[in-house]
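So that you can tell them apart, the chains are marked A, B and C in the order they are listed, and the count of residues begins at 1 in each.
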Amino acid sequence: MQQDQHRFTIHTQGQALYEFTDDVTDWLAGTGIHTGLLTLFCRHTSASLLINENAASAVQRDLLRWLDKAVPQGPQYEHDSEGPDDMPAHIRTMLTGASLSIPVSGGRMALGTWQGVYLAEHRRAAHAREIIAHIIGV
Amino acid sequence: MQQDQHRFTIHTQGQALYEFTDDVTDWLAGTGIHTGLLTLFCRHTSASLLINENAASAVQRDLLRWLDKAVPQGPQYEHDSEGPDDMPAHIRTMLTGASLSIPVSGGRMALGTWQGVYLAEHRRAAHAREIIAHIIGV
Amino acid sequence: MQQDQHRFTIHTQGQALYEFTDDVTDWLAGTGIHTGLLTLFCRHTSASLLINENAASAVQRDLLRWLDKAVPQGPQYEHDSEGPDDMPAHIRTMLTGASLSIPVSGGRMALGTWQGVYLAEHRRAAHAREIIAHIIGV
């Protein structure tokens, strides 16, 4: 049994979903681990990780529109010192989560046909987002 | 330290929560692993996994009613080519998540008294849903 | 490769976020594991785990206010035998989740600068909440 860790940095340009499935796939192949468990962890409280459809880009826009409507900007927040998009970003992060756990088989993530791995950026400004990948297996 | 993987297939018949706690318990017992970490991963973007109360079935109905109201069908979605229940299913999957991580102790999941493991089917039509289970431990 | 498990008990006094980052940090240090994967699991269906900002306490209050508004108490629930705060607690648990997966590096959780680990108590009454921690690594 062995393990490995890696830090991915994703440079975001505003609120959007940024797919990084291929980056993870490439790194995994290099570890030489065939069967195991992959964990991805986002080190931020205004960006998050999620898995969703990677075929139709309209799906990604609809996901973001729902978050915009369900967690709107506005004067209702006590915490507003970092701008109107800050507190909605924390709430959207709470709803979507900081970590993903994905089994690995045949040296690849055991994703379904339409699943892609995304960083969800919830802030308007450009950011460098850090994601820690951990793999354990054989 | 050893590990094992298994694929569960759940045949769904419309929007509902499908408990499969006992299936996981039985498979775990067969692996012979006493202490470790179990991961369950749903290979779909319109069905998800969650843990909730397995005593009162009304709880499960209320969970689904809340999702129906918070993420309604309607003309507001750009992505509608697969039917009116498709985009709400993707959003509900985003909110509830694709993976569960559950410690194992004494050869069993360390669930609380009232916790059950559910597949949440978010589409109306019948589907065969695949869940990958991964266990690592001793 | 080695593993360890521990049970944390958090005594809650009503709906709030209870940070226990330091408790986990201290326990981790005692395990002697330097690099690995930490899993935290909440054994309840009306309390959950989340990671969010631990600098401004207003953030935590705004997170709770959003949950109060998005998942309100009211007569709309079929399941109401345990009080008006029970079904909203199950829904809020569904949205925020029972488990967290956090890579460990240098003997510490690989948290970002502003990330804290919280138990979210969704019931009004006092409760003793159990969280299982599992660490695997070297």
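Observations, loosely collected:
Going forward, a residue touches a chain if its C-beta (ideal position, glycine included) is under 8 Å from a C-beta of that chain, and two chains touch if they have at least 3 such contacts.
Because the structure is predicted, anything quoted here is derived from the model rather than measured.
Chain contacts in this assembly form a complete graph, since each chain touches every other chain. One rotation lays the C-alpha atoms of chain B on chain C, and its angle is 120 degrees to the nearest 5. A separation of 20 Å divides the Cα centre of chain A from that of chain C.
Annotation for chain C: residues touching 2 or more other chains are 1, 37, 70, 95, 97, 100-101, 136. Considering their complex, residues 1, 35-37, 50-53, 56, 58-59, 61-63, 65-66, 70, 95-97, 100-103, 105, 110-112, 114-115, 136-138 of chain C touch chain A.
Chain A meets chain C in the complex at residues 1, 3, 5, 37, 39, 41-45, 70-71, 76-79, 81, 87, 90-91, 93-95, 97-101, 130, 132-134, 136.
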